[in-house]
């Protein structure tokens, strides 16, 4: 586009023709996509690969491409085989089997936050772990609080100060997902609820928790997709990066 | 059947023929239905009319028939017009517009219990009220605890002793229905959860609360149909009447 | 509780007895609920009444109670009749029929923000309006951007700078709700998506938009209940109030 | 907390500071959680591990921890491999492959009850078995009545006396779940219905039975989650433990 | 077509042209539709108008057209106003407000059957009534058995002989629809189950009964659409008309 | 019961005591269950084992028990291994791998009917085959008509005479299930529609076909559960056995 | 933008600054939206107002705005009152109460096509009518074929030639929607299926027809939203306008 | 039929008898099915085998039959083993493992079109590939545009010219499926949307994308079944073949 403008300036291109040419220019050339890429480079935010359903070679190639641009690579939902092959190829690769994540490259050192990452039961931990790893990759401190489901209410109430000190709270809970409502009523921080597919029967793969979190009687609760710990961390990160 | 047996005894009826006759006897004549009627009379439990969709005249006629047998009549989901017409006809009729119930006849005086009846929000009260009126008609004391939804957790926690002192706890809650899980984790009494149709959007007419209560992470929670305060009271009553 | 502690100090109460008494103290007396009330008074945040299904007298009484404590009252989903009666009783009541809100009392003057409030079509406006009114009552500036549905993509793209300048973006959209994904991909602010019940047939009362927003391919999108403009504003407010 | 109170008494701590310290004390220290633990020890009730999705080592470790506290351990939904490894490690471990349960430790000897555990068909037995094993671990006698589905009505009618003699009735049924309604109409005991995932096509993994049981025309029927034999037993146990 | 064949015979039409003409002949002219019309005339079966959503004038016109062909007219789901206007115009019109049917013309006198028409509760009667009226119009005797829901099992068991004597059994039941399973297990006649929309909450407009009937554990149960008493009668009629 | 009646006759048992004893007699003793067993023996109808989820040994044992009573055994949804083991043990066992059925014993020789068994596509054949095998075992002739889906309308229209000559028509169709409507409109026989789980995406495991068949615009169509070829054959058999 | 380019040309704006300004230019100024507007003016295609939920004044104002630009206005789903008020204000307004449409302005005279618009039953006609009116407004001839549902198969088969002569076929059908499959199998034209909300019970507001049409066994069938006759016409119009 | 007509002509067959014979003639003999076969032969369109669930031998036999008629065979959803065996048997077989298709025979050389085939993400490519292969087999040029999901809006906007130059646009997208709405608003070509089952949680196997596409706010969008790339290509082909 710059070349085009310079040709106008030089009088080589009539305004009418330039106008027509500009309308047909691919969108990306208008610059804003480039701006996005530059911001990502500047902030050191990782490029993300959704690993599910991808072959080990595909993941290896994608990570290689990201690393060759000097960026941090985050692979989510990575299978063990793909993770092992990538770890063999990259010395600085870190595989978290619980979170099913793979981080390749240097992670941010100065962390902002913290963002509390709360899970209701043992089986909700992989989702919470995915959120925590993502937060770290995005440059935020994750404060983990596990096994504080509402069947033993004192456990979450005992964490009230910690939750209030965080800048946002991610709550991962399956079954009926009541923990999100309880946290939303307990503290004044924004609550990002992640329904998990933990449960059986009438939990219908996370539907019960999803509907429960959406209809929470507590204000300040917002919801992402079932098992989407990664997405919850992205939302929290956007909150922390928003201008003052 | 007695007549038939006496004819056998008197030798008027061969055993083979009697056998055949017995197989064809209407079931009710075998006595156990009669037994049921007698127990109901003995215990003073009310006969119940489901008022929804019935014409005022139908309700009036049904109440009249019950009263003529000397029993207490309980009408649930009664419309205002039918209630007013019945009240005009029966001096001892009591209409509860919030619970949409009508009680005609003398209620039990000695009450067993108590059964705690807990509601999450103001709009859940009609369901709790229906449960409480039904409990009274069945001879049980209802301990009402209202507006203790989990968005202000201290409210329900402050009632812990009262709940523990009850013999059973009925919890009526709409939206995400998390109150049932919290109560189930807080006390050791059986919890009968009633999802209510209170809410909008993703509550889908009570479905969110229903699924949430069914998948509760707290043990000891059991569920009846959406808005079924009457049914919850019946279950509680059966619990209290069960032999020791 | 203070009195109790002073009696211990004065030696009037043995430690063992005090311990038992403390365990049975209602939760609220432990102070944290009180703290909540004080914070609300200090910040001038409104008390909120959910108006749907409430009688005009009930709303009038609730507003009266809130005003007598010197606080701002916000009634959502208020029917016209209840609104008119309240306006007749309170000179400073402001009724917004589109948003179905009623504000009684002095609104915050210094506003933080802005929060962008984006709607896809004309029929989504009531939900956006409810969000905007709530933001104002909570002390935030709302930047309204209407009728920018994705069927004419240039409309939302033209607003890119405005969206990026906001601290958070609320997107209200019915039908397929694709606007949330497009906004999430266009800017780097947190996006709070509100599916609306606008549409017919396979929109199933907002379900299509709800599922679409939850499964958005864009990171940074989070979702509240169908038509819940109020809830979206509460989440945004919590984001802006979170400590740095 | 006791130490804190003693410091007040000794005059070492001003009342104001003590007040603040108490508000911030973790909830558990307030005593009531401890009370729960003591009651569990006193009653001999088991600690329960939900085995599904847990590795054999995790289950082994959890059982070991429970046994080291001298308590009875109940593992539900345990896989065969985990069960075998636990049985190899603990001489008093009892594996029930049908119920998918594992009991480690001395079971209660004096049993209260009985609680009738009724199943509709052969394929519903695992759920009924889980309920029965749980009842035993909780100190209750289970009266098993199997294969009495409503397609041969005489089978359940023949059990009327046995059902009436029980203190509560658990009904496990898949397909359309009609057995719960029939039992609810046949006897006056509380009926805890467990829909099972038995069936195909329009049973939709137990949904048909679940909806059928929730909308039962018989009073006194209450419902737990699909296949949740354990939960049904817990509810029955709470009924039997409720004070008189 | 006959004319066409005669022209071939007369040699006026070459075979090739006739072949082409026949391929393009409207289907009806091939005779089989005509055959259907003649059979209907011969058997005296009624022509049916689905009255729902039709204006009184439309219904009046349709009935007039049917009557002018000398046939019996059956209108289902007819509104009161349309029924009254038709009754005013036709002396032999019979309006059944419970069944919401209108019969105009002479009904069949010699009836075959009987077909048992069973309803579970009072509120299921309109559906049963529609089935019974339709059976009568189709020339079959309907044996009505009402209020025999499974909550009082003896009521339906007492009807076993009557059911077995019928040639088919129609069962109309709402809520959980268990009556269909019980009847299917009790007798050896084909059972045509009609789920009704009676119920509330988790009955979801008849869905619970529909799923329950489809997954019935009793063989010999088949299902028509919710509230479709008319359809059940048509199926029964086809059974009775099938050749031996 | 006979003994009891003889004791009455002999004067050994007072009438009052006899009355009480009769009420408590197990239902089966009243004779009607026995009657059922005798009819089954008389008619030669098979005893049926639902093979899905049963171990080979269980199936072998069940077949053995049935055969030892001299009856025909029909196993449905039998796995290959169980079938092979049974075939090795019983010389007269016939395994149909497409229908997943196993017939052990002498099948009825004189067949009534025919019942047309129609399938829409190749993948619907296993369900049609299950229906056909069951019909044979129940003593009826099955007239198979395959691959006549509505995408090539002439195929089913060409079968009109054959369908009309049958006494009932079973239609197995997946995807949208339109074949049932077309057959219902084409012939005047009762149509028993079997939705199959054939299809993908929006067929949702047979739900599309199920709903389509239930809402068929053609009268005379009735529906059984998804993939339930066995059930369809049972209904047809009851139709053919119904008295004239 | 033209002004901007001229300033570059005049040397008043450095290329770097111009580049930055262009990136921030609202999208619409880039010209392509304008192009769209011009094409619409050129082709005479109508501007469309979705009338549902709009006040008569709003509709009047929108129509006035469209007419003042000299364009044809099409209002869909218009209420009678709004239609009458618009007709009173505009002499050339044409209200079609069956289609619930309002056309204001001169309609296209030269029509392309035809597009066949087929409806299954009388109650599907409003949807077909909406499609036909829209086609006319878009400049296409609509060939109406009504009441050809599959319960009388000869009716649609008789129309085979007419359908084949059309350039596209719109099929509006409720209940099970089988007509779309039958038409798709009968002719080789693209079939745009419109499920209608006609039906009751298991039609679930058009869901049965929707799923049936999506899973059609006939190739060449594509689907729009329930009751969306307007949308079907738009798709057909795009087909006819696509370049050769 | 020709023989029959000639016999009429020859006077060997009376008109009445001929009439009767014609009514009973199988439909296919009337010619129109034959016409279909001839058209298919003439146009060179392939015969299609749905490979899913078919054994390798079945597929081999079907392909052999098609090839022996000299036609092109297209197998969709073919498993690798069946594909390899067919490739070994037919030298001109082409297996596309991504599309899961198998083409045997000579493909059309002169292609019409193009039809744009757009996919949102990498995981949607198999569906797009199936559409593209089918288009080629049907004689159309496919213009592939991949990885243009709406999270990076500039990617699809940059393709506007290419899309507008196509005669129809197929859009394959999972998750929320918003790409279909964006394309529908961007260009004036008919858009055939294919929801894919890509996604997790609330995407419910493609349901979210399906509902989103059906309720698209953009006109001109029409939808086929989930993952049905083949069906989308068939619709596009019918559009291109429709007469002018």
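To keep things simple, chains are lettered A, B, C, D, E, F, G and H as they appear, and every chain counts its residues starting from 1.
The rule is short, and it goes like this: a contact is a pair of C-beta atoms (placed from the backbone, for glycine too) under 8 Å apart; a residue touches a chain by one contact, two chains touch by 3 or more.
Everything numeric here is computed off the predicted structure, so don't read it as measured data.
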Expressed as a multiple of 5 degrees between 0 and 180, the CA superposition of chain B onto chain G rotates by 180
If you line up contacts by residue number, which pair in F-H, D-E or A-C shares over half of them with B-C? Let me know. F-H
Which whole number of Å gives the spacing of the CA centres of chain C and chain G? 38
Using mean CA coordinates as chain centres, what's the gap between chain E and chain F in Å? 25
Where the centres are mean C-alpha positions, what is the separation of chain C from chain D, in Å? 40
Residues of chain A touching 2+ other chains? 30, 32, 152-153, 157, 201-203, 210, 214-215, 219, 225-226
Following the definition at the start, I'd like every touching pair of chains, please. A-B, A-C, A-D, A-G, A-H, B-C, B-D, B-E, B-F, C-D, C-G, C-H, D-E, D-F, E-F, E-G, E-H, F-G, F-H, G-H
Report the residues of chain C in contact with chain H in the complex, numbered from low to high. 120-121, 149-153, 157, 175-178, 181-182, 184-186, 199, 201-204, 207-209, 211-219
How about chain D: which of its residues touch chain B in the complex? 32, 39, 48, 160, 165, 167-168, 188-192, 210, 214-215, 219-226, 230-232, 234-235, 237-239, 241-244
Complex contact set, residues of chain B against chain F: 1-2, 5-6, 8-9, 11, 15, 18-19, 22-23, 30-32, 35
Going by the contact rule set out above, which residues of chain F touch chain D in the complex? 24, 26-28, 30, 32-33, 50, 52-54, 195, 197, 205-206, 210, 225-228
What part of chain B is in contact with chain C in the complex they form? 122-123, 152-155, 157-158, 161, 200-203
